[in-house]
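Order of writing sets the chain letters: A, B, C and D. Residues in each chain are counted from 1.
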Amino acid sequence: MSKIALIGAGRIGRIHARNAALHPRLTLAAVVDPVAASAESLATEWNAPVRSLEDVLADGSIDGVIVASSTDTHLEYSIRAVQAGKAVFCEKPIDQDLQRARSAADALKGARLFLAFNRRFDPNFQALKARLDEGSIGHIESLQITSNDPAPPPPSYVAVSGGLFKDMAIHDFDMARWLLGEEVAEVWAAGSCLVDPEIGKLGDVDTARTVLKTGSGKLCVISNTRRSGYGYDQRIEAYASAGMVRADNVLESTVQVFGEGGAGSDRLQNFFLDRYAEAYRREMDHFADILAGAMPSVGYADGVAALALAEAATLSSKTGEVVKL
Amino acid sequence: MSKIALIGAGRIGRIHARNAALHPRLTLAAVVDPVAASAESLATEWNAPVRSLEDVLADGSIDGVIVASSTDTHLEYSIRAVQAGKAVFCEKPIDQDLQRARSAADALKGARLFLAFNRRFDPNFQALKARLDEGSIGHIESLQITSNDPAPPPPSYVAVSGGLFKDMAIHDFDMARWLLGEEVAEVWAAGSCLVDPEIGKLGDVDTARTVLKTGSGKLCVISNTRRSGYGYDQRIEAYASAGMVRADNVLESTVQVFGEGGAGSDRLQNFFLDRYAEAYRREMDHFADILAGAMPSVGYADGVAALALAEAATLSSKTGEVVKL
Amino acid sequence: MSKIALIGAGRIGRIHARNAALHPRLTLAAVVDPVAASAESLATEWNAPVRSLEDVLADGSIDGVIVASSTDTHLEYSIRAVQAGKAVFCEKPIDQDLQRARSAADALKGARLFLAFNRRFDPNFQALKARLDEGSIGHIESLQITSNDPAPPPPSYVAVSGGLFKDMAIHDFDMARWLLGEEVAEVWAAGSCLVDPEIGKLGDVDTARTVLKTGSGKLCVISNTRRSGYGYDQRIEAYASAGMVRADNVLESTVQVFGEGGAGSDRLQNFFLDRYAEAYRREMDHFADILAGAMPSVGYADGVAALALAEAATLSSKTGEVVKL
Amino acid sequence: MSKIALIGAGRIGRIHARNAALHPRLTLAAVVDPVAASAESLATEWNAPVRSLEDVLADGSIDGVIVASSTDTHLEYSIRAVQAGKAVFCEKPIDQDLQRARSAADALKGARLFLAFNRRFDPNFQALKARLDEGSIGHIESLQITSNDPAPPPPSYVAVSGGLFKDMAIHDFDMARWLLGEEVAEVWAAGSCLVDPEIGKLGDVDTARTVLKTGSGKLCVISNTRRSGYGYDQRIEAYASAGMVRADNVLESTVQVFGEGGAGSDRLQNFFLDRYAEAYRREMDHFADILAGAMPSVGYADGVAALALAEAATLSSKTGEVVKL
């Protein structure tokens, strides 16, 4: 059993706490949060002590640290945990600022840091990747990633989100890199404000299409909107030289109702914590593997690369020009 | 080009007239119907002469005859055409009365008579049969045939229809024999009147389940209702020793509309003349082949066998007992 | 928090132990099993004590008992627990012998006993039931239940299973009663041995179709086979007066692979503990509700009724005659 | 009955000849083709005379002309037919050269000329448009058009095709204009040669993504490849303010085969003359309507607009820059 500490008892922290506490190879040994009430309530739920960050980092019996605090602390806590000799499970994104993220290279490059991009752990996307890797449909040539939210966040959230490309599409940039198996050379993005004029007033867009091109000419389109009107749309189509593989949405149930007008399927699984519940469990599995000696499958460098794409897309959508990387 | 005559200018006759007239190997050379106006209008549409039955049968240049007249004349006209040396395309059913149908055995057994069970010519059911015949999913063990009408016919039609089993399920009995590849040994049917009490007053049922068992123990369930509430439901599932093959319904279009409540598909293709339009064309193709020397793939004996199953099911649903054949 | 004890540390007992231990309103307070090693290993996993049955029943702090022991002990342990004032969560079936099950009527009729038919708690079947209950597609008229296992059990299991109808179809008889909302008046079953001759030598069948008819004429077909050749096929179609509702199979993922030959979907979710994992969780939720005062939604009388249908179907398949209830 | 003449007895001309000859309101009154053998064979098939172009244009009894000759003659024959007072059914594209196409404005703008973009007449895309027009899912915001060929044409064809954007994507540009209901303001295209290096040597691409943006910010992505590896992929997704509507591919049959590995659907309908057979029939219906006085729903100006988008996309893919219109 590896002992781990959780930093951050917010919404996503609570998910990781549960998965860590229930994991057969992990013990949740500490909960850290500056808000005492949050830390206490979560710690009580899983029968773990509330501790200070300093205390946790100084405790040699703590093997790993989950960084699920606010985005602007991801880098700092990760570096401190790495320097204290801990394995790190860091929530995405690595940071909102590319320069700042890059400045951590000396401290984090090659560190035992797992950057938790949840979509890489979704069973459907993993199955898609497995089909590609099997090779029976040849090698990948292009990619279509659709990632639409059911409803826009409040403008107050948008204002501090870093913008659609860093906040929403960051996942998709990581998926593109993971599936294309090659670095992106050019980024072009078109964004519009079609959903909520308040988002436009903040200088952001709510609807976007981004095209990525790799050095060898592979193409990827990312479609994003802050409000789909039909639920949480999370799909990928990968086009290969001898076929195509698609991961479709997850529905609430397999029920279909047939009437005069046709058949109606059930709703998309709309809340991201439900949609990606299994992905979060698999993330924790991977962290347990890392604590047992495995290399993180996705780390600091991937976080920086995704952020660089997000920054390029943001720039392209403002200038209307292609950004070369 | 083979010359053919059509007997019967009603709804189904008009379909066959069109398909014959447009067929590259057939010429529609005569239209016969006791109702002069019907014969005239159809003949004009396809530029064919109206002629009498006697005239047609005596004309040595006529190679084949389509019998699409009322059910009670199928046997008589088929026999006369066969005796005149014509190939015959006879609409189903062969007759409504099993004894009468059997009494034509001397005249029709082995005759060049094609009994037009349209479902055998539907591209979807043919594809299902082809998958079974390929053998990749082993040998068939059981069968589920679903055959529901969108809406019940008027009681006046029901009164002369021969009842649900002879009128509707007759198609399904033929499909069962075709797909099981073995004769049925036992029939058990349960019927209810759930849709229209008028149908019950006529001594008929509007909802039924029939179970067929072959000598080797293969099982087939036939589900019928006169009113589905969701369209013309025409499906088959064939269960084999190493898998299953299904032919699903045909939809009006491939369109799906996604909203908050889920995705809605388009309506089932509901009118039988649309649903089986291609089947009727393929029937005519088969008749052209027969005129060129091929053996009918389905004939008089099949018509009698299906009728015998319909009569057995009718009896079973009344007595509640198994009927052995 | 209600304290509960688990009797039976076998495969299904382990599932219930986990769900009870993780349930926010339940405490797993005792594990009982005559095999000490099984009891110990499960108790350790969830930090619960191993105790004797007598001890548990005498302990006034234990609110509920889960009976997950071998089938022939279900009745005895349930009665003892009820007499000790405990709420009971009893695994299906209530018993394999109808007379014996009925003889417990005085002790169990109306008792606070939840008979855990898992399919009633499957999210898909619950969604199907909810659609029916909403009434937008009218009232139910007929039902098609498909319940096929991926592969047959060993003959040694079949020999003590009570036969296909009591072992497999018992679930489907319960579903039929639950969805039809009316008692069954007639049962007719056809069975064959098509999969494994050893099963036939034991006097059992491996492939069956059962037709149920209620007093008002509603019809239900149950399709069972011990070996589907394509996975764990668990589907229901409910035909109502203004439409149809279907619950389809659950797939391993939403991935589809497109090639020259068409698109291939992923495999059915084949292991019943995976397929019904959420159903088992919901069962435990229901038990927590019962411990808080709710009435069991399914109990002793339902267990007897399903068993009566299984016995009738077994008889019908042997005699070939309809069994009236 | 309107009398029409067909110019061009090649592959697509033969389709139009059949649909015209079988149309209840049209008479195929002349076949024109410089290759006498082609003209003769087609004319014989439909019992129509072979005539010269001059003869046809001078014949006052000819109401309409179908221009299905080689692309470089579309403009000339259309203008001559319009000047002779005929209604014109002109195959797409209007021309391969934008300047030349524009120079015909005086002669053709507002003429009774139907430019036959077949996808507008596909029942699936028409159903999609109808759902959008109904308004129940709000107003359109963005569009995803997927249009992939099963296999690349020979390099000799590519050399004279005008390039991927004018040859393949021209259809998609027209669909975008039709569905967005607003003119495109910006075009950005990324192309790669991933399928056949010979295509690259000719200066063309075989894989492309094009992004269109309208003045109000609506976005459209067009995905094209010359070789999909899985058939003729013809899909559209339209994203609206309150939902999404999709038109999916058409399959050869509704058959699905279930085995251990999952369910396999049938192949996509792969040959464009099959896939769009009904669209061609509906085109002829529309021409019959025009001959009866209706306005063409799509004409010269639409042909020029689509060509302008194709030229802009070609330019953008070469320069890597956005082209503003």
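Convention: contacts are C-beta pairs under 8 Å (C-beta built on N, C-alpha and C of every residue); 3 or more make two chains touch, one makes a residue touch a chain.
For clarity, every value in this text was computed on a predicted model and none was experimentally measured.
Student: If you check the contacts of chain C and chain D, which chains show up for both?
Tutor: Intersection of chain C and chain D contact lists gives A, B.
Student: Going by the touch criterion at the top, tell me which pair is linked by more C-beta contacts: A-D or A-B.
Tutor: So, comparing the two chain pairs, more contacts are at A-D.
Student: Which chain's centre, taken as the mean of its Cα atoms, is farthest from the centre of chain A?
Tutor: Of all chains, B has its centre farthest from that of chain A.
Student: Provide the C-alpha centroid distance between chain A and chain D, rounded to the nearest whole angstrom.
Tutor: Taking the average C-alpha coordinate of chain A and of chain D, the gap between them is 41 Å.
Student: Can you work out the whole-Å distance between the CA centroids of chain A and chain B?
Tutor: Using C-alpha averages as centres, the distance is 57 Å.
Student: Taking each residue of chain C in turn, which ones touch at least two of the other chains?
Tutor: Chain C, residues with two or more chain partners: 137, 229-230, 242-244, 252, 258-260, 266.
Student: Okay, in this complex, where on chain A does chain C touch?
Tutor: Touch list, chain A to chain C: 22, 123-124, 127-128, 131, 136-137, 242-250, 252-260, 266.
Student: Over in the complex, which chain A residues touch chain D? Could you list them?
Tutor: Touch list, chain A to chain D: 137-138, 141-142, 144, 146, 148, 186, 188, 190, 192-195, 207-209, 211, 213, 217-219, 221, 223, 225, 228-230, 233, 239-244, 320-322.
Student: Please name which positions on chain C make contact with chain D in the complex.
Tutor: Where chain C meets chain D, its residues are 229-231, 251-252, 258-268.
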